[in-house]
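Each of the next two complexes has subunit A plus one other chain: subunit B in the first, subunit C in the second.
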Partner chain A sequence: MVKALFFKEWLKIKWAYWTMALLTFLVLIKIGLNLSYYMRILEAKTFWYQVIIMGGMFFQDFVYLPALIGLVIGFTQFMPEISADRLKLTLHLPMKENAILLYMVGYGTLMLLILFAGTYLLFSIMVAYFFPFQVVKAVWISMAPWFLAGFVVYWVTSAVFVERIWLKRIIIIVIAVLFTETLLYHYAYEIYRYSIGYFFILALLWSIGILYTGYRFKKGVLK
Partner chain B sequence: MITRLSRIFLVILTIFVGAVYLPQLYWVSFEPRIIPPMVFYSPVIQKFMIGHFGHGKYYFTDEDGHKYNRIQADHLLPLLNFRILAARDEMPDSLLGRPISLNEVHRNNVSIRITPKDVNPPQILLYPLFESKPQRLRLGLPDEYFRFTDRMEFINAKTNQINDSLTTIFTQTLLKAGFHFPARKVFGNPTTRKPYDAGYFIVDHDWQLFHLKKIHGKPYCKNVPIPENVKINWISVKEKELREFCGIAITEDNKLYMVMLNPERLQKLPVSDYNREQDHIIFMGNLFYRYITIRSEGHLTTYLTNRDYKLLKTYKEKWPTRYETTAGVLSAFIFPFELNLQSGKTYFINFNFSSFSWKALYLNVILILAAILFLIKRKFVTRRWFDLVLILLTGIYGFIGVLLFEQIE
Partner chain C sequence: MENVVECVNLTHYYGKRLIYENLNFVIRKGSIFGLLGKNGTGKTTTINILNGYLQPTSGHCYIFGEDSQHIKPETKARIGFLMEGHIQYNFMTISQIERFYSSFYPKWKKTAYYDLMEKLEVDPDQKIATMSCGQRSQVALGLILAQDPDLMVLDDYSMGLDAGYRRLFLDYLGAYAKNNDKTIFITSHIIQDLENLVEDIVILDYRSVLLSTTVEDFKTNFKQFVMKVPEGKDLKIKKDDIITNFELLKDKLTVYSFKSQQEVENHLKALKIPFTDLHQVPMSLEDAFIGLTGKY
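Moving on to the complex of A and B:
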């Protein structure tokens, strides 16, 4: 049953997922080319100075990319569910309604996790080619909140699509945008070093937001 | 149960967002500009001079309250304003019975400012070691950056590989000087825009202090004597034309020391009540005096010393903080607490909660009544105690959260 549900989810996001994976890969190539360009043009020691001492973040393309990916995957996974109220059929599967919703979100989260982990791994290898471990570590900590924002945007998108009332949707979107904004500061390296744990816990609170809107969906709440 | 939990989570997230953004919005709309006074010392009248700038004003008062306009102050602070006085041909030839020259005045005017943000900022632990005596006189970036592991490793930027010969030479030199790996902290001023290079100051595993430079490609390393039980937390290295000192050291227990040169040693500053996470240090020196201002929110203390750092006089000054302005007093009634992610005191993003404002309880109680009325209207009054407690504690933020996300039956 769960396997079939996962397959259905995969069919929906398949194209978007590969597109986003390709986009990420292109961004990686772009940053890689930039790195090799600056090492040549500025000379290695000067480029290192820019990055290490001046705090030049050469990977700012990653600030909003995870959020975009979360949004696109959320859209493609949940948009079909609300057109012609298909979600009603899904919820009639012989499973608990909450369980169905959680499996759906869980599947998307898992797929995002795979994509993001792959990105982290490839990017770490690339950075480690040009810089010592100290820089790689700084990159890891600096990027963590941005990728966390990717998950938050995905969870919020899922919850917003299941909600039927536009006013409520807007309320959730406004709160989510303001929340996500607190994860996307990028004026220096490692600025979330001491707070990323708390942000992680707070971000997790969004993950079951779909149950609240799902409840309202089932009830047919009109305001 | 889990559905109810999902609603509570949404309310908590609303409270978080509210506590971050609502006070921000409030302060952006109503925060008045507060300009702290600047304290100087006049060798002419032997009194502190307090500069009041901003809000269309520009005047000085001395420690007894006498007011001076800008032109008068120029003459009372001749060392600070030597350029203006010299241009007007009004610079005195001698001061305190000692003949002075413009060059001398210029070279002896030093200032170092350290903000809480400068202390322990986010940094990548790799450092360029400059050649301190470059052949062509200009400081230039080296090809290698160093880091500390169980040795001092030099990494070539071009190849990203460890340079074994440099690594061995420097590690050996450090060991010979009595260094115990690994290093706790490394302090330097890695820029080529400075009059000379003082190299790095390194705190080893046993809290000893070492001065390390590269001279003609060879290591220069010295164990700097420090007073017993002094643990250095931070050194702000600032090379100045006047090669008497090259920075200020802050200890774990917030004491201040000048890092003196020729020979290297620490000179205690007669300063108390400094907190590196909150306060600004404004160090100023001239031909005759040193004065160190420790500035916190709403008050400052200036310590005047002679050039041997013997305390001569202190001066204290107060001014209203933003919480003492009308907007600040009012804010205490509106917001039970504020959550600042960026404090202005550090680059790091932290959950900085302001202390709980008891005055906001009035509003919180009113909001509880409003919530009850609203919920009665919607026939949602049973089992609402949790929401009401939330409003009592989080006030306006909780009220918004509870209202936006209604209870689940």
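Moving on to the complex of A and C:
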């Protein structure tokens, strides 16, 4: 049953997923070409100085990308469920309603994790080619909140779509925007080095937000 | 006889707007039950409550003995649900949707689905989104037949269908129910189609339940009397215990009543209605429905 549910989720997101994967790959190529360009034009030692001493972030193209991916995947996965109240069909499947919702969100999370992990891996290889491990580690820590924001945006999008009432949707979106905004700071390396764990725990709370809006959907709550 | 569905004192409000109050009905195992009413009288609301998608303001519904707000997965597997407008996963193809649903239902009958699909002459790789409304209705029906549920809940199956598809839908449904001793709960606002299908009915009006009976009893006991009256005369006629409904068009007065012709005649005379040529006119289920609920 879970396999069939995942099959349905894949059918909804596959085009968006491949498009986002392609976009991520293009961003990786762009950053790679930029790196190569700076090394050749500015000379390695100047670029090195800018990155290591001045703290220049050469990967700022990644700041909003995970959030965009989270939004697109959440939209494509939950829009068909909400249009024409199709979620009623899904919740009528012979499984527990909460389990159905969690499997749906779990699938999207898993697919994001695969895409984000692949991006991290390829980018790490690229950075490791030009810089020592200390820089690679700093890049990992610096990018972590941005990718965490990607998951949060996805979880919020799924919860917002399942909510029926616009006022509640707006309230959820406002709270989520305030939270996500703090994850997207990018003025220095490793600014979340000591707090990323706490942000991670807070972010996880959003992952079960769909249980709240799903409960309201099921009860037909109109206020 | 065992009741598959039982709704007790169901009352529902949307905000301050009353939909209905104290709706009571049971659906017997193996019967075909029709919930009839004009648009906006609460048919879909009842289905939503029955499926657990809406918490009633008060009252309870039980399906196979379980509170409809907490239906177990095993019980959900026994209920086939057709959404208003034959909504299905339109991003799937004919074959994908069959594969998807087959994983959930232990009694899945693949042939029941594909037998119906063959009649549509559609490609198994065709997406549901690209099909006509009539074809989509057959996909939705085929999926329910393949599920082989003990109870089918069909919310306005007729929406958007032309006469041919409506007939096809009902032919399949009727034959299936008869052969397999299935229980069907159907709502529709096209009453004429249901005349030869449903056995028990509840007729809803705005904010109230008008009638709960069998089609047979309704057609036998509810009568239409037509008579001539002087045109333009101010008749002191109103609904009461004997006159369930009436309609005045120029010099033609139509009275609907559950009483006998003699009782109606006596009542009209007591009201000093100057009628002539009073006679009973036979009605179809649709005529009776309109007679009871009115045209507006």
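In the analysis below, the second predicted complex is superposed on the first by the 223 of 223 C-alpha atoms of A that agree within 3 Å, B and C clash if a C-alpha of one lies under 4 Å from a C-alpha of the other, contacts with A are read in each partner's own complex, and residues count from 1 in each chain.
The rule is simple: a residue touches a chain if its C-beta (ideal position, glycine included) is under 8 Å from a C-beta of that chain, and two chains touch if they have at least 3 such contacts.
Owing to the predicted nature of the structure, the values given are computational and were not obtained by experimental measurement.
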Three-chain arrangement built on subunit A, subunit B and subunit C clash or fit: fit
First, second, both or neither for A:Gly108, with subunit B first and subunit C second: neither
Partner chain in contact with A:Lys3 - subunit B first, subunit C second, else both or neither: second
Partner chain(s) touched by A:Gly74 [first = subunit B, second = subunit C, both, neither]: neither
Partner chain(s) touched by A:Ile171 [first = subunit B, second = subunit C, both, neither]: first
Three-chain overlay, vertex subunit A: subunit B-subunit C angle, C-alpha, nearest 10 degrees: 140
Winner by number of subunit A residues touched, once subunit B and subunit C are compared: B
Contacts of A:Leu211 with subunit B and subunit C, given as first, second, both or neither: first
Partner chain in contact with A:Gly150 - subunit B first, subunit C second, else both or neither: neither
Subunit B versus subunit C - smallest C-alpha distance in the overlay, whole Å: 11
In the complex, subunit B residues that touch subunit A: 2-3, 5-7, 9-10, 12-14, 16-17, 20-21, 121-126, 128, 141-143, 145, 147, 155-158, 160, 190-191, 341-342, 347-351, 404-405, 408
Residue ranges of subunit A touching subunit C (in the complex, touch as defined): 1, 3-4, 7-8, 11-12, 80, 84-86, 88-89, 91-96, 217-223
Touching residues (chain side subunit C, partner subunit A) in the complex: 14-15, 48, 51-55, 73-74, 76-77, 79, 81, 83, 85, 87-92, 96, 99-101, 103-105
Touching residues (chain side subunit A, partner subunit B) in the complex: 39, 44-49, 51-53, 55, 98, 129-132, 134-135, 138, 171-172, 175, 178-179, 182, 185, 187-195, 198, 202, 205-206, 208-212, 214-215
